[in-house]
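So that you can tell them apart, the chains are marked A, B, C and D in the order they are listed, and the count of residues begins at 1 in each.
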Amino acid sequence: MKDINDRTRDLGPFEPKPGDDMVVCRCEEVTQGQIRQAVHDGLFTVAEVRRYLRCGMGLCQGQTCARLVKGIMARELGVSPDELEPASSRAPMRPIEMSVFAKEGGRDGE
Amino acid sequence: MGTRIAEHPILGVPQKGRLVSFTYDGKTLQGYEGEPVAMALKAAGVMVHRYTAKRHEPRGIFCAIGRCTDCVMVVDGVPNVRTCMTPLAEGMEVRTQYGATAVPFDAGEKDEASAKDGGAA
Amino acid sequence: MESNVTKGTTADVPSRTADAIVVGAGIIGCATAYYLAKKGTSVIVLDACDVIGNGGSTRNGGGVRQSGRDPRELPLAMYAVKNMWPHLSDELGADVEYCQGGNLRLGKTERHIKILEGLRDKAVAQGLDMRMITGDEVRQINPYLSDEVIGASWCPTDGHANPLKATYAYYMAARRLGVRFYTGMPVTELRKVHGRVRKVVCPEATFEADSVIVCAGYASRKILASVGIDVPMSNVLIEALVTEMEPQMFPQMLGTADADFYGHQTKHGSFVFGGDSGLEDVNKDNGHDANSSITAPAICRGILRYIPKLANAKIVRTWGGYEDVCIDGVPVLGPVDEVPGLVVGCAFTGHGFGISPIVGTLLAEVARGEKTTLDLSAFRYDRFHARA
Amino acid sequence: MKRYDLIVVGAGPAGMSAAIEAAKHGVHVVVFDENARPGGQLFKQIHKFFGSKEHRAKIRGFVIGQELLDEAAKLGVTVELDSTVIGLYQDKEVVVKQGEQVNHYKGDAIVVATGAAENMVTFEGWTLPGVIGAGAAQTMMNLHGVRPGNRVLMLGTGNVGLVVSYQLKQAGCDVVALVDAAPHVGGYGVHAAKVARTGVPFYLSHTIKRAEGTDHVTGVTIAQVDSHFQFVPGTEKHFDVDTICVAVGLSPMSQLFKMDGCKVVDDRRKGGQVPVVDDLGQTSIPGIFAAGDVSGIEEASSAMIEGRIAGLAAASYLGFATDDEERAGVDANERALDGLRQGMFAPKNRGKKVEKTEEGIPVSQTLLERGYVADSEIERFPGVTHRVGIHPVIECTQNIPCNPCQDVCPKHCIKVGSHITALPQLEPDANCIGCGLCVASCPGQAIFLVDEKSEPGFAEVTLPYEFLPLPQKGDRGQALGRDGKPVCEAEVVGVKRTKAFDHTAIVTVKVPEDMSMRARFFKAAPATETD
């Protein structure tokens, strides 16, 4: 079983670290400390931390912080960052106004 | 503060559109038509594009290519406009963004609180 | 590193046995595990996916709604809204962003109004405060709605919550109570021992418990088949989207008689909307929960007809998720008599989130052999019959 | 639905090369790009590229960009700009935001060449305005003619950090320091050396402790780090700066592949999550190809070749090219690609510390630790020799795939040989005429013409110069050493600019005889101004 799948793993008491107050996800202003705490509370995958804290869910959709979040989580979990599956990729690749998304061309061969 | 490069050793004299006026928080500034709004602001010495929703911290240009979305401002009344990707046009109204609006936080927080009170039981 | 679970070959490794095993770590599984553990039952939760709550639990629109429910389901929703949702954040020690902002189900035509009146009649018969209001009254409640809206049903005690927060809040609270969660642990088979369900077989390990609660969404069907039980349901891919943070606009949960969209504004400021293209029944996926290229635009068109003010709101993400749609529109909940020890909670048909606190409570009660808080007989697994 | 034979996503070096190659075989191609200008990052690359002729060596990036656009236009490739591909869906459908609507298109084949995004590091104050990515700095100064700041600190000594530091100086900014947490310079030594000789100090094994300022950056504190990247107390250094530039690597922007269900893997050597591709760039979904940085971070030169291979493979997949044509074209391109993937900085050597050159010469430690080759080290490299009369001194000390010096000399004085990464040498019978083509053409600006005794007691050194104001004949000032520190007085005795030099001026300075092997940059005496 992969380390991240054994949710009974106890990562020990949460010890504050320098830099915990530092923003990691610039869009949603999620800090290193929040990410570390979430891992300690049992959120062992990027998807879970992202959904719970919103890091990587803002306007840029994790373009800037995805790698940083993964690094912090991996250190906390004592695994290689490669073992952590990045969040899934979804449209739209850039934010798009509802009015623009609503107006479609090209589908009916026009 | 960033200023315009008059002549570049490799690129020569930068090619620019016509000089146009726009407003930044009500002040009239000038920039070149078609250049990103963020560049016109940078050339005018504007560093802060917005203050964040939670921590009210200043942000400005970061990636300059439309990825990070840190440079968003309220442009012509629309919030969250990526100024590094939006071409400058004559008469544009550019405002510092506070959270998701152009209302500075002192006045804004009141509005937000009352809306929330109406919502949460 | 080999964990305690997969180490060794005998079945009596302590980490592989518990009083109860919950199959599926969605919000139903996590809530059931939480309420079991709270009463002192030792629990193991197994999920096929690496990610907790990766199915509908974290992909739904977050409605905490009584209006528009099937009469069989309404008592569960009313109970949860009255007794559970208001205290859930305190109970779980995490803000689930519950907002009792009411539910507006919007109508634009006389036909819509007829549909809404029908829903109202059924709800009122069961004691729910739900009434019809005019277009102007609608806009008094929510001034952003367009003039195309000629009326709506209004249920002031409905609302919404954050399904992501709620799912993980249940998970973390259960984990704090000692519930043992194992992800990436697909259940291939249930086995009876001495006439009672006991073994839960996974490729990596076999687990044992006195009772087994299956709440694994559509995947429940295959798991239940291993003990000869079937729930007539289908797996339907539906889609949703979320906007950037907007200034706070309105607290209501919105839906429409036409079912062209539903959604709300979150505490964060973003709007979460779901909806469909009308072609879902014949959509194909390419083996994963892919979005179709046509659905998000259709949802946007739907929204803008009702809330034109959102024209400039930017969509930052779309996603897809599967609904376990029951043939008769309400879930299967409760004990499986012919397989003693087995409890089922699946086929929620896209409206399991709002009732998840009470469903978790009820499934825990069933598993512990207690008298249930509410009557579950309408949700029996054997209620389905061919036409006479 | 509008359908193309081939849809290319991204009009950068890889995408344009793929489109051109496919169009050459008659494929009906469209290229979508979200930017207002095509060329991807090429138009921000104002330095001369490394490589050989087939890699368009010694041509500046933005010129290559223009060449690609011209070639594409000639072949009838449609390039749709301001066209953001928002998703890659089933059945090779792309949805593109164009103007005020989204348009649906299908391709029988797709090449995704979306490039890379910049990595970031966190430090106290990293969200302050004035902390920017190196790409942002390039965008501001090289595309829009706006200086990113007046006083800049650069974090990162990979090629991006080095090249952008140099470009910042070209734009007229003061670069106060180059800082890297790693113990050694990550990029090409020649890129480091051309920055170091202008007087920019390098701080290896240092990183940023905090950016200072309330509303924007007003200063920065760096400190030394130990081998575990922990700060060493008491080593803090403060700089007054208005801009902090971060250049700590790139990650492939592979989201479209993942969205569509192509198999992707995390590969640290390739910079992050990349699609699994075969040797033609084809992903796990037949007909969908990857090219350029999106399939693994490399240089623009290799991206162009990967693009050509993908374009050719797509043409073959679509039946426009025969198997033989495909094989022949792919073989030639793979040889070219192989050429670029040689030497000390080859992908296979990434992260390794190379101690010796291919010739067995110990690599300059000063270069790795401080960005320049020390006077005591320079003589051991084969390009550095002493002759009577004017002759090139080639301070090329690492094996990189590059040979314009060999091609450009009209007298064939310089030899790299057939092995493109070999260190260049002066031919024994070299008959240098002092034309300066080698000085101006070397993409690393590592060649100097030296006349060790131009007149009694004096020597002349000819060096490449790409800054404004350009020194004038008769100007007096200081000669700076490789370390950027003044070594002696100097007088400008010649300034030459020709079309063949392509905006690299060559400046000849007269220095005392004993300084001929030390003087490597010219700094004019400050003008006596009244204001």
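In the analysis below, a residue touches a chain if its C-beta (ideal position, glycine included) is under 8 Å from a C-beta of that chain, and two chains touch if they have at least 3 such contacts.
Please read these numbers as outputs of a predicted model, since none were measured by experiment.
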### Query
By C-alpha centroids, what is the most central chain here?
A
#### Entry: A-D against B-C, pair bridged by the larger set of C-beta contacts
A-D
### Chain centre separation in whole Å, for subunit D relative to subunit B (CA means)
31
### subunit B and subunit C: spacing of chain centres that average the CA atoms, whole Å
41
### Message
Report the inter-centroid distance (CA atoms only) between subunit A and subunit C in whole Å.
### Response
23
### Summary
Residues of subunit D that touch at least two other chains are 34, 87, 89, 95, 102, 104, 117, 127, 259
### Query
Got the subunit C residues that touch at least 2 other chains?
244-245, 291, 297, 312, 314
### Query
By residue number and range, which residues of subunit A touch two or more other chains?
23, 26, 58-59, 63-64, 88, 90-92, 94-96, 99, 101, 103-104, 107
### Query
Mind pulling up the subunit A residues that touch subunit D in the complex?
19, 22-24, 26, 32, 63-65, 67-68, 81-82, 86, 88-94, 96, 99-101, 103-107, 109
## Note on the structure
So, in the complex, the side of subunit C touching subunit D is made of residues 284-288, 290-293, 297
### Query
Hey, which residues of subunit A end up touching subunit C in the complex?
1-9, 41-45, 47-48, 51-52, 54, 57-59, 61, 85, 88, 90-92, 95-99, 101-104, 107
### subunit D residues within the subunit C interface of the complex
87, 89-90, 93, 95, 102, 104, 259-261
### Task
Spell out the part of subunit C that touches subunit A in their complex, as residue ranges.
1-6, 15, 50-54, 58, 164-165, 167-168, 171-172, 175, 180-185, 204, 242-245, 268, 291, 294, 296-297, 300-301, 303-304, 310-319
